[in-house]
């Protein structure tokens, strides 16, 4: 609700793109987790702009400070608070935009809702807000690691270029091997070429992020309102610029026959398994124990180095054109954001599963 | 959470497919709404099976009883409770399934989670659970009607057959004109043929439901965790058999350039408008005032009149084959479910917008 | 929130004093509990009016119907819904009150809030609403019984008459031995005499309910916002006519020195125990493992068989005087209500404790 | 839930007594409030220790930093984050306590719950945690000031010394006139003498805080689960060391006859008013428009400069005796904490009232 994600594990983010600081309060972390702060910093570094020539060069050091919730390296059950300073925020760059609504940004809708707008960048709607989510997601990832769950995301498409990725094997190393974060080398090169081309034109391009969670215990998620796929969809569509979500066979399932789509069941290696995984690891809102596989569509970045028709705050016609360098494609940086939301949802569901039975199986 | 949808307008459903009754408690309905109970019954009738030769013939009268929250025809601010009896529930038909897990159903995941399973039908995972949602959604729809918002859903695809629908004009009458609930007559006929063919083969087929909300005020939704598109995605993915969600240009946005996707702004008829609506009526989590347009993908029905490999509750190989008549395609009946969730989310967001400013504009 | 109690175990009540029915949806009950429905009915019978000459004779049979959530006698993890019909509701008795606000009732505040008022009795503010809470509380009590927790409430004071009760030993049988539900026989007789006297005068009298939970595991409750005593206080003050709450030494603690109030610790029978229990079983929001002891103050019933000055709905001076027989003292019937809320809070906290550690101790 | 207070206006606190920092994220503040940061700092200064010879001399500067949510002095609808550094935290003073449980502190219960304990002071259970609440409460107070609501708290009793205070007239200036924060000068002097005496003995003493809200609109609060008195009781019992709560005539109501307790209604100055206010401004969970009057009981401070029997972490007998200077009486400093929680609850209810009607009256 509002700025809070999750039911049992609750991440409340704060901070605007050009305010003094951003951060997150993560409440509900169980006590006793030995937290690897370098791991948190590493995850934050991955969402940072300026990591390669393909992304925006704004320098965000994003060294997180832990304000609470740790004692002798372990979580205590108290809320963890992470703080990241906005060191190089330069709102003067936005002066030109104080009286105009940028097309396909939240400027206009923010004004409609609140009657007031912090015109220094995107405010809460900025991708910068996800700093807090990624820090919280890093904690969730470490919780999940303790039960053998790994989450890996990758760039699955940029514009018309689709990657071929084996979700059952892809690793973070594969993903980080190329600045596009696409683990299919040929597609990665084509994507990089595409991104450079659109940048040269002052344009931008959208893309798709794929992600998988492996090692997920069965029975996570709820059968009605908090179906696991519903929680995942809500989490992913809360990411800036996301426009679509699918799980398992997703939109392709709509084209299929039941006889093709159904996943036959069998006993394999002593466990109930499915022969195929069109379900994407979730049936009736609850995890099956198979890999959870999903995809998230992102629209092209709205900030263009091109003249665009719009209106000013008085409703008069205006033209906006971004100066400086801007991110031509958000999807490489969206990978850690998708992973963070994925981990937060799974960790939340893992906690929720403890409430499902009178005698909880350990 | 659990069985509750919404933040301000909270719909808590109860009931299993073969228990004594189903229903919903809808809390947070503002006082003073003159409720049209015939309208509620009409919405329920649309989700009922057996409406045409294309759907399952199980006879669910679904006459809802209002147990509370009304006085002299108006809502009082107290929770509205709706009750629908399961009059013809015949669990004996499920006896054969008590020891076996049906592929691509929630039988196995329910057992994983709860250690116990009501084998009489799908339990909570049954589409029958949506009776309560549709009743609640009918109330939400009437709330929205008071501020000029209308929600219309339709069948946009069945298998490989896509419809062509103008979301800015389509009406419920257009949709109800054909048993497929597809307002494109040529596509509707092709879909009907397809559905009859898959049924004849004992098979099933998936599809896509499209929906639009027109007349939505600007500024509904929140910029971070409860983005309007996130709430919609979560609501839609909580529907049985749904596998994907997209808003506005959705997955197609991933293929587009920013210069094509961005919606230029202008003053039109005295209001700030966009020339195109790739955003689907939502920017940065908040409504723009343009039509909200979305699509939901549904997988093919999992119950087949064909032999399928599976395991029994002891893990031994087994074969299941449904007897009797079953729904070969869920999407015509999914239309009122999508509309109900759409209306619930919008009414919730409409209430939430009242909290956004110190002085709330009336 | 609204009509919902609890975080993990969520009881949503519905129904007005003179509507068609009342009930509750209890969501979050763990699967596998063998539910004793006779026990639920017995708890409901205890809150019913007309149990003795000391209470109001309105006949409420209150046979609860279970609508969902049970399978072969056990909970399934699905929401439990209980329904009780209002069989003898006779709103015509309230016709005289449709245009007047009764002093010290919720008539006026309901109108202020909702702009509309169901004048047939107290609506949601009626003690009748607690039917749903008592049914839910009975389930919570059965959950707690499985871990050795018992909850006992009693009448601790009526007007100026105080009982002497040993909270460490009092049983339900002791409490039920007298129609006042006071387990101190001498005080009970004096209370009965007092109640008969106030009734004869057309007057009413207040009182205090005491309650104890024994066998509570240590560590239930949270250290900040959901302190166990905070949850208990909120639950008790949500009961109709309640005006005060105290835990352990309560208001007397304000008069004490730390050297007297502090509970020295020792190892006893292999467990860390306190020598005294001024804390009332809770320190810093979390249970100590000692008995949890609390008291709830109830004001005198507001309905009097005496003329009272008030105003009508137009603001003109008016006089109200109740006809028929009314309850002269609510506290005997408040005992099962206090127990129900106590059990709901403890069961909720018991579930919450499962989330407190990475490895949850079984 | 957890570390979050409120439904619509949600204050999430973080920080331990001896961690790097404390603070709060306040989400749900409506946009457009011109925030007086000096006022926030002033409220924080009032809860600080070391304000007089009667309280503990620990030096907490408590200059709050605003991290987010403000733009040009006004709230934007984004979460407000306040940060206070723990500048002089000296955990070494607690070394002696790392292996021992202090009686009547949360040391033991924290260990029971979390299996791990930050032994540097009280951790989350410390009164230091209320820094965040007081900052959030200061914002709530400013929101309420805009609609004419004022909240004033005072010390109503210390040990056996009771003050006589006219809740309808008492001002903050009256309260601040004496270091005890008791506005009855004679009682204040007696309290100061008592506090000095208990300190001299190495002992501590409890007390009662009274508080009033004036100018509250009618109809705030809900009739069932979120009754205004329930929300207030929960908020007050979440304060460290609180043991009891009463509203209006409170526990005295239990001694009264209905004919004495009922508040007759009349039209006065064009408004429906009550002649008396035994209700304390709340009927059936909703505000009447009369003053809301409540009292909160606090136990004596648990830290004594006296030897106390306890056990160490291995269960062996031990003796603890505090060194240095400690607060002999918490109630003067509890006044701003009670006011903060009062203001948070009222501001939350004020927002909630906007959702109660289809057409919300402005």
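When the chains are written out, they are named A, B, C and D in that same order, and each has its own residue count from 1.
The working rule: a residue touches a chain if its C-beta (ideal position, glycine included) is under 8 Å from a C-beta of that chain, and two chains touch if they have at least 3 such contacts.
Only a predicted model underlies this, so the values are computations on that prediction, with no experimental measurement involved.
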Touch-network distance, chain B to chain C, counted in steps: 1
B-D against A-B, pair bridged by the larger set of C-beta contacts: A-B
Length of the line joining the C-alpha centres of chain A and chain D, rounded to whole Å: 39
Intercentroid distance (Cα basis), chain D paired with chain B, Å: 45
Whole-Å separation of chain centres (CA-atom averages), chain A against chain B: 26
Residues of chain B whose C-beta touches two or more other chains: 1-4, 13, 28, 31-32, 77-78, 113-115, 123-124, 223, 356-357
Footprint of chain B on chain D - complex, ascending: 8, 28, 30-33, 75, 77-78, 143, 146, 223, 351, 354-360, 362
Chain D - residues contacting chain C, complex: 1-5, 7, 13, 101, 103-106, 108-110, 112-115, 122-125, 129, 157, 159-160, 198, 201, 203-208, 218-227, 229-238, 240, 242-251, 253-259, 261-267, 272, 274-275, 278-280, 282-289, 297-304, 306, 308-311, 315-317, 353, 356-357, 361
For the chain C and chain B complex, residues of the former touching the latter: 1-4, 10, 12-16, 19-23, 25, 27-28, 31-32, 65-71, 74, 76-81, 83, 113-118, 120, 123-124
